[in-house]
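Below, each structure is written out as structure tokens.
Both complexes shown next keep subunit A, but they swap its partner, so subunit B is in the first and subunit C is in the second.
For the complex of A and B:
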């Protein structure tokens, strides 16, 4: 999966969680939580969706890697290289 | 406390019924006998008649919050806001920590658990796919808690489990907490999301107590010879309750005053109702209200459309109201189905406008009245106009032998 495809995947999952999410001004290097209406339960939703869609088992200690869109892509790129 | 502080009045009503999302429309539909019971298709179970509510789910909170919460929470939040709006109360009129939220539920967590088991069945029952939302959705206080989060209420919130008497029971809880001075305002009512559970339908079916008819609007037919069981509905109804003194002080519209109530137990059977205890419950409520049976203008019956349940209630009413020739009797479930934890409060709400219009809405779907249910002054298929209505007695009974009765009287200055 390309970096752009991974980015789209993460945004698609966030859109499923919050249909009203607005990505217009989203800064990819800034924490998602500071820019969108997301809390810790929503992050667990992202983890669950990645598990459901791509069978990824993300260990709890890696959750901070999902903080920003850029860090999500960096973290997920090797895990989804064959996806 | 002086007497006006012990007198508790209803000053706001928010509701979602299978045929209306506000009291005005609800009243019109009940008077016209318009049922909007429909057929739904349940997972594993198949088609069944059911009452489904249509209301503006995003009027008071975002789609995201509805998705995270429960259907019960969604119904409750809508009705709580509607009740506040109807009461013309600003949320800051009372201290937020002096507002209590008391919600009656027949059951909770059934829908969410069934959904989650179905979800993991798609992943070979791997519990790693079980949602982290399960616990906050299924804790019993969930619907009441969702209401406090949405309205920013910091007083007590909890639910009352009393089977299908739960709506009445929560209203009684609200009255008691106001009288005790624990809170200054209460949001009290009941909620049902039971139509989301195939298990509830399957259990009634297994018991031979699930209503069926080719036309789903005809499936719920209390007192009729052809009745064959319960029609499960979702719904909610929440009241704003205040002490009479503070309600008068702010010039509140008063729907009625809680005059008396009683909850008792059959102490006998898991499912079978018991006329003797039902009669005792009505008698005790009348005694507490300082009223005679002949003082009651309308009885809203609990009858659900099961063979024995309807007969037992009619026997109980006959025992208590033998000398009450001007008491009229109706049944709201025939129009909206059985809204479980919301039933008592929804049905009472549907009757309260009688204090203004003096009408008694009918029991519909009676083609052949069961002689064992033939009570005098039963309002059948068409509404009845009375000279005046000043008292309503509301029956609501539930499984495992719980009975509840509330008497509301018209408030006269």
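For the complex of A and C:
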């Protein structure tokens, strides 16, 4: 999967969690949580969706690596390289 | 039969937990002892008419755009669309302390704030400090018990105001006598005063049916009239549950919503050391013809009242304490469709032991129920005016009724006074959710189910 495809995947998952999420002003290097009003419960949904769609097991200690859109892409790129 | 997740109890916490898990793995089974779902918030039929149990109002109202509000977080977690529900907000409610003071509040917090400034002008600065404490407090952080009453007395320095603020919060969610844990107080203060009260369109049955449909569409299964005889375990590891019909269902994880002591009994391990008293309640439902509406308030949704000099939220030493309670008008929410009848519900504190002592003598028990309805009417009429001459139907639930239909020990709707906030009762793959985990109310209990699944099961499996 390309970096752009991974980015789209993450945004699509977020859209699925909150259909009113507004990506217009989203800054890719800033925490998703603050910008989109997501809480830790919503965050778990991103992890669960990645598991469901791509059989990815993300250990709890790696959750901080999903903080911003950029860090998501960096973290997921090697894991999804064959996807 | 084997399931990755087995849930005991089809009340609101069990249903919410089940939906949450089924979103990612449909292999989940709920076992419900009763022939109907809902637990404490359910319904029954009499005279071809549906009667709700439990529900007065749902707390934690929030408009759709407040994404971080518990109600909206909950709906997102369950993948339920806010627009699929119609919610009716309360009109106005009162805290009515006879011969002392009355405070009105609504879903607009400014009303309560203004009431306090007008009626307790000298306490206004203290109240502002209290609001700041509530704003800054994180009730979800693990903390030792801290007395909310002590903090309120120091901050407000006015026992009457302290009792008046505690009264609704205790009646709608305290398992503890005469005090609350500060964390629980903050949760309830936000839920009732800062967020507010509402009810769904239709009846609790429609609400439950929506949840059940969501669950079943995700592929989840439920069995009604399925009673757990025992939980089979080897030390800390649960392997299966055996039903009273002998069937054994194995599971990877077990979530119990039936209460802490009730779960220990199913595990056949020693019970907890003697606990503080559980609080029992009686509730009467009175129905009147719709035409009587003019004679009674149409502006008040709920009245929390106290008529004694000192408000007591404690187990009475006799059947019922009529000196305080809650009066609910389920028809007085904003923009409700006109109903063919007018309903009134009255709740008071009751003593399980006194009712239990009457149980063997059916005639005496029924007489006490009827006497309870009578005394309750008298207490209510002093506050809302006469209505008993118009009653066409009435029914009364005692702590024994509640115990029988919900299996809550001693009919204590708010469960054990000591909560297990992390749901961990010392087993590897068994967790507690619902009443004894400690988030109370309909939104609270559902969030309890969701957060226990998130914390212990989804993030680990």
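The definition used in the following text is that the second predicted complex is superposed on the first by the 83 of 83 C-alpha atoms of A that agree within 3 Å, B and C clash if a C-alpha of one lies under 4 Å from a C-alpha of the other, contacts with A are read in each partner's own complex, and residues count from 1 in each chain.
The working rule: contacts are C-beta pairs under 8 Å (C-beta built on N, C-alpha and C of every residue); 3 or more make two chains touch, one makes a residue touch a chain.
This is a predicted model, so every value here is computed, not measured.
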Partner chain(s) touched by A:41 [first = subunit B, second = subunit C, both, neither]: both
First, second, both or neither for A:18, with subunit B first and subunit C second: both
Subunit B versus subunit C as contact partner of A:51, first or second or both or neither: both
Touched partner set for A:4, first subunit B, second subunit C, both or neither: neither
Which of subunit B and subunit C A:61 touches, first, second, both or neither: neither
Which superposed partner A:29 touches (first subunit B, second subunit C, both, neither): neither
Subunit B and subunit C footprints on subunit A, overlapping residues: 17-18, 20, 37, 41, 44-45, 48, 51-52
Residues on subunit B engaged by subunit A in the complex (per definition of touch): 62-64, 67-68, 123, 128-129, 131-133, 136
Of subunit A, residues touching subunit B in the complex: 17-20, 37, 41, 44-45, 48, 51-52, 57
Residue numbers on subunit A that touch subunit C, as the complex places them: 17-18, 20, 37, 39, 41-42, 44-45, 47-48, 51-52, 60
Residues of subunit C that touch subunit A when the two form their complex: 23-24, 67-68, 73, 76-77, 450-451, 454, 458-459
